[in-house]
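What follows is a pair of complexes built around chain A, which joins chain B in one and chain C in the other.
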Partner chain A sequence: MVLSIVLSGLAIGCVYALIGIAYNVMYSASRVFSFTAGTLGMIGGVLGSLFILRMGLPVWAGFILALVGGALLGVVTEIVAVRPVLKSLDQHLYVLSTLALALIVQQFTAIEWSTDAQPFPRIFNIERNSFDQQYWLPMIACVVVIVGLELLYRRTLVGHAFRAIAEDNYAARALGLPERNLRMASYALAGVIGALAGFASGQMLLAFFANAPLLTFYGFVPVALGGMGNNRGAVVAGLVLGLFQQAANFLVGGIFASVAVFTVFILVLLARPDGLAGASAGRRV
Partner chain B sequence: MIDMSTTQASRARPSAIGSGALGAALPLLVLLVIGVTLPLFAGGYWGVIATRACVYWVLAAGLNLVVGFAGQIAIGWVALLTVGAYTTSVLAAGNVMPPLHPYLALAIAGVVGAVCGVIVGLPALRLRTFYFAITTLGFATIVTQIVLAWASVTGGGVGVAGPIFPAPFDTQWGFYYFCFGLAAICTWMTANIAKSRFGRALTAIRDAEVAAEANGISKPGLLVIVFLFSGATAAIAGGLFASLQSYITPDAFTIDLSVLFFISILIGGRGSILGPLLGTILLTVLPEFAAPLVAWSTFLYAVLLLAIVLVMPGGIAELLDFKSRRPLESNRAIIPRPDLLKRLLGQDTAPGTLTLEQVALSFGGVRAIDGLDLTILPGQVHGLIGPNGSGKTTTLNVISGYYTPQGGVARLNGVALTTLAHHARAHMRIARTFQTPRIVGEASVLENVMIGGTIDGRGTFVESLLALPRHWRDEKMLHETAMLALSAVGLEQLAGVRADRLQHSELRFIEIARALMLRPAFLLLDEPAAGLSAEEIRRLGALVVAISQAGTGVLLVEHHADLIFDICHHVTVLNLGKMLAAGTPAEIRSHREVVNAYLGG
Partner chain C sequence: MSLTRRQALKSGAAVVAAVGISKPAIAQKDPILIGYLPAVTGPSSSTGIGITRGTQLAVDEINKAGGVDGRMLELIVRDTQSDPTKAVNATAELTRSHKVNIIWGPLNSGEALAVVPILARQNMVQMHSCWVDSLTDVKKYPLCYRNGPTNQQIGGAANRYAIETLKKKKVAVISDTTGYGTSSLNAYVPMIKTLGGEVVYQSSVDAANPDLKPEELRMQAAGAEVIMPWSVNAGFLSRIINTRGQLNWDVPIVGQTTLGSGQTQALLEKPEYWAKVYPNNFKPVCYDAKGKLPDRAAAFVDRLKANKIEMSDTLLWWIGVGYDAPFMIAEAVKNGGLAPEQMAGYWNKARAYPGVYGTVGFSADSRDGYPDNEVVMCEANSLKQGAFNLAPGYGAA
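Up next, the complex of A and B:
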């Protein structure tokens, strides 16, 4: 029993962490939190089910197409909902534009795909056991993304450019970095990460349009608690959140588990508005 | 009801404003007449739709103060509708205790809703925008889940019967009039708030939070009151909603409904009552015209929201704002009338001294101010100059209370200032302007200046809500003082113009007028001459001199050396956070280090 709680907790925690990383990747490039983060995860699950189960494509093709779909949604987010409002960041219009886009995608999926949760295919044809693929797939995805991002950011020129933009947008532009292209690339990358999270957790969460608001909320918890833009913080907080939620699920039941998660989230945030690892905001006047 | 408020307005206020208020109320009056006569020309089905629009507006009217006025992105307000619906239904049905009268149940729901409104809204006092948006969404989910789980009281997934209000409100049109009456009252009350110092303070929190604090507006205090009000109206709407549905289950309270409320306010336009009202009617009625589109309604609302945000952030209200499309006179000049200052500032500014003693503050490794001593006397202009990054604005921010110094102390008449919250500075009659003008662009010039007098109002929020006499006295006083302040700085002919249509130099003078509303004992000016023409700088200088002659101590941060040397009694030169020199303008002008380091040649 304890084992299954820990396994499912770590697995779901990895999904939350991945969505949190998607938030962070978009935030680093544009100083914008996007409501579409959870939608990216939902789309990964729905597209996977669509391509593999409904259209009968091979698993690898469905996987790649789902990630491409996520990347496209990321780019669309940047073009439609982020770029036009970047000039007036202080008016917080991005909250509204990304919310609108998230709702558009979510409602479209509900109507054109299904309003009920649809099954997701098994990825590997191996027998079920207690450490099933539905648990280890999200974990592998999480490790791959963390290692991949680390290599990208530390070892490649493009990665250095990403970091330069995250550090100081104006200075980066003054140095002649193609800020807009890098931002689009970041949103595409976030799309891939989000879709990967949805695809890897498809067997756990199913292909369901309502996963979007759920992941948007639970994926933001690690970002808020781990400190915005801080991927390591997001992973740790995501795993803790997953374990806490599954433990509470087992101890007090599903409904009160989400109440517990929410209460803890609010209390921690009220005590530390910048997250447990965050620094306070700068000069206002 | 709307009618009553306008007649009172024209009696209490000068006639120009009275006719403006009448013009603004005209569309509301038309809606009132249509609403009252609706049963004469509409069938029963439209009665249900109209009732629903009224119920939605009862909630949206309160939420409008939170979203449209205070600018807090509260998406999950359906949580409060749920709370109200279940509280009313459960109390009236009597499945936990003896059944209560439906009116009593509705009133209790209002109280419960007010408390819950504060709980849902509380994170806004501490969290940034997106964080708050997410937490309200979380609340909406949590409330629905609790309702589902708490089956012994709420009936769980099976649901509970809604209350039935007694005659004459038990028929379809009777219930319509009940809801319509409440909707009209909500319109009237929120319109009163919009045109009060509280409404203006809310828009200041939304668009110029720092300026709001500098003018003594306490964000937590005001927001808590607004959340109480908004929570109460949302819960009462919930009681009505339950009665309209006649049977409620958790499924009725979806996020889609929350989105509808939120979007109708944004489509209507921020800082408007009429716009969101039309938005609510529009979104309630729209699906009725296209039955096949009902499934797509949330999708369409979202598309509408995106379009509004990207193309027309002002919403319906801006579309209807014909006045602001008329071009302004292009060759207008700012001609201050310093002679009015004596009347404006009065004689009651208690003289005292503002002193900084060995104040030190560093950010990370940078010493922004390093042991600074400063004395500002009443009736004198004290210049503060120095190269960029020498700590001038930081000094102002220490006095304003935005920064707590790590060493030393700022005193007013010997009392240390450091322990006070920054919005308390206004009560000590310390006013300031900002390097980048902090203005509410969508409000008129006059309203912007009236924000400066917020703390001098005597009426409470409830008195403004109900338009009681003290509300009108405050408005009259603030209006007259603001017109005087505008005349003093030379902008009275622009009083009715939207502030975002003005030139940069005019915004600087608006900020001075707003600061003068405090009848400041000390006035901190942060580069007031930046971006002004030579002629404007000359007039600004004369104005500042006149302000000091009226008894106010002025601390002037400036880069224009000529202005400083012309009008200052005393000048302090900063370099790297330290005092490089201090003395009269003549002494500074001949100070060798200053000339070398700063003035050049």
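Up next, the complex of A and C:
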């Protein structure tokens, strides 16, 4: 039982962490919490199944096209749902605009794809076992994204530019950085990360339009617990969430598992409103 | 030639009389208008597409045979797009603009829940095949007739099969957290106890939960001998079947029709996991132990083939229920009349109609026409040309 809890808990925790990172990447570039993050995950699974199973493309081609699809949706999010409301961030209109776009994409997927869960292909043709690819693929995806983002942010010029606009976009613009282009690139990057989460977890979550709200809600928990904009916090909180959720599944089961997860979530936020790894920002008065 | 005033009056009277006499004669040739409300697009469209094939065939056959005493049936079809709001709008159009004589449909319960009260207020005769129990009521909806089973009948057949036929007394009941899932669980658990079964485990789980191993381990620990899942979500049902396979747990799974759907099959990790899975079905459209359909259904399949109607992508009972409805309407018009109370009066007293899908009969006290003994269980992995084998234990059909 312990092995089952650890394996499936870590696997789903990695998916939550990746969606949390997608939230953070978008947030860092725009100060907007885009609720399309879960939709990006759902699209990764659906496009992977579409390209590989329905259209018969090779796995590598389906994988790349799914990530491209995620990147495009990320860019569309920035143009349609984020850019128009950036001037009135304090009114939190982005909540409505990003949720609306997420719902449109979700319903479009339901109509054009299916309202039933559809199969996702086996990525590697190896025999099923207790440590199956459906568990280790999300873990590998999570490690790749963490390492990749560290390298991007710390070792490349573009990464430094991303960090600059995340820290102070006015100053970054004053220095001549192309803020709008960098923001679009950040949304494209978030799209790739979200789609990767959906593709890597496709065998576990299936290609299902209703995964979008699930990932949107559960992916937000690591962001809130880990501290907004804090990727390391999101990863740790995502893994803890996955393990705790799976333990609750085994111990109390049914809908009580969700109740347990959200009870702990609320208690943690009551104790640490800025998240476990977050620091409260000073406000100039 | 001059025309006197008396002659003119006589001529006028003759013209009026002639027009007056000819009016009913023209009315007798008017088509019988059936407002038909299938969902042929959207989430519930697979059912609607199958039923529409049967309905259209029946209308064509009736009209080719001369209609009802020379009056043709005319289907006025409005696609509800699986949306209750659109179903309500289409209902208004059919009853007010087209002034149809009867409504056939909607074909899914969500739409029917919205449409049935509206038609009752308009005193319109309606036939539908939806399963939600509250969709018929002699007092509230006296002109609404159901030619399919109720949820009580569906659950009852599954419970009887698990407890009386398979002799599995210790039952695990699991549902998803939708309205359908939880209401089914709440309705069926007491029925199991009434039959002498013991519900050793019951749970409602989010249908999107990717890991159902904890649930099935608890079922195992509780000593369950049969799993009864209630959900229409193919992903949820396939996870139950897959998890049973992964655990090498040899218990039967007995439940909702979706267990036998192509969508569920597509999500199975191994084809052999589909063995010992018994979904609901209907005896008149199932293969018996010798692999034969009942005579009525076999003759119907021949007609479907002759008319080149596709069966491989749908279910025989869907086509059958669609086929039976226009014949039942035609019979009521022929023997009762076209007025609402005439059709209802006929159905309330008529013998049961021997349809392809079932032997459907109503009474003054009941608008639920499908017989209990024709709701059965079948073998999920036996689908062939839209029909399934009867589950073991039913014997010859």
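The rule is simple: the second predicted complex is superposed on the first by the 280 of 285 C-alpha atoms of A that agree within 3 Å, B and C clash if a C-alpha of one lies under 4 Å from a C-alpha of the other, contacts with A are read in each partner's own complex, and residues count from 1 in each chain.
Here is the rule we go by: contacts are C-beta pairs under 8 Å (C-beta built on N, C-alpha and C of every residue); 3 or more make two chains touch, one makes a residue touch a chain.
These figures come from a predicted structure and were not determined experimentally.
Model built by superposing both complexes on chain A: chain B and chain C clash. Applying the stated contact rule after C-alpha superposition, one finds that A:T156 touches neither chain B nor chain C.
In the superposed model, more residues of chain A are touched by B than by the other of chain B and chain C. Using the contact criterion defined above for the overlaid structures, shared-chain residue A:F250 touches chain C, although it does not reach chain B.
In the superposition on chain A, contact of A:I266 is made with chain B only, not with chain C. Contacts of A:I12 after superposition on the shared chain: chain C is touched, whereas chain B is not.
Looking at the shared chain after the overlay, A:F208 reaches chain C, while chain B stays out of its contact range. Once the two complexes are overlaid on the shared chain, A:N181 sits clear of chain B and of chain C alike.
Once the two complexes are overlaid on the shared chain, A:D116 sits against chain C while remaining clear of chain B. Within the three-chain overlay, chain B meets chain C in a clash at only one of the listed stretches 96-104, 150-158, 204-212 or 528-536, and that stretch is 150-158. In the superposition on chain A, the residues of chain A contacted by chain B and by chain C overlap at 111, 253, 255, 258.
Across the complex, chain C meets chain A through its residues 42-43, 177, 203-211, 213-215, 217-218, 233-235, 238, 263, 266-267, 269.
Listing the residues of chain A that touch chain B in their complex gives 33, 80-81, 84-85, 91-93, 95-97, 99-101, 103-104, 107-108, 111, 213, 216-217, 220, 224, 253, 255-256, 258-259, 262, 265-266, 269-270, 273, 283-285. Put simply, chain A touches chain C in their complex at residues 1, 4, 8, 12, 110-111, 114-119, 128, 204-206, 208, 210-211, 214, 246, 249-250, 253-255, 257-258.
Contacts from chain B toward chain A in the complex involve residues 71, 73, 75, 122-123, 126-131, 133-135, 137-139, 141-142, 145-146, 148-149, 210, 255, 259, 266, 295-296, 298-299, 301-303, 305-306, 309-310, 313, 363, 393, 396-397, 400, 402, 434-435.
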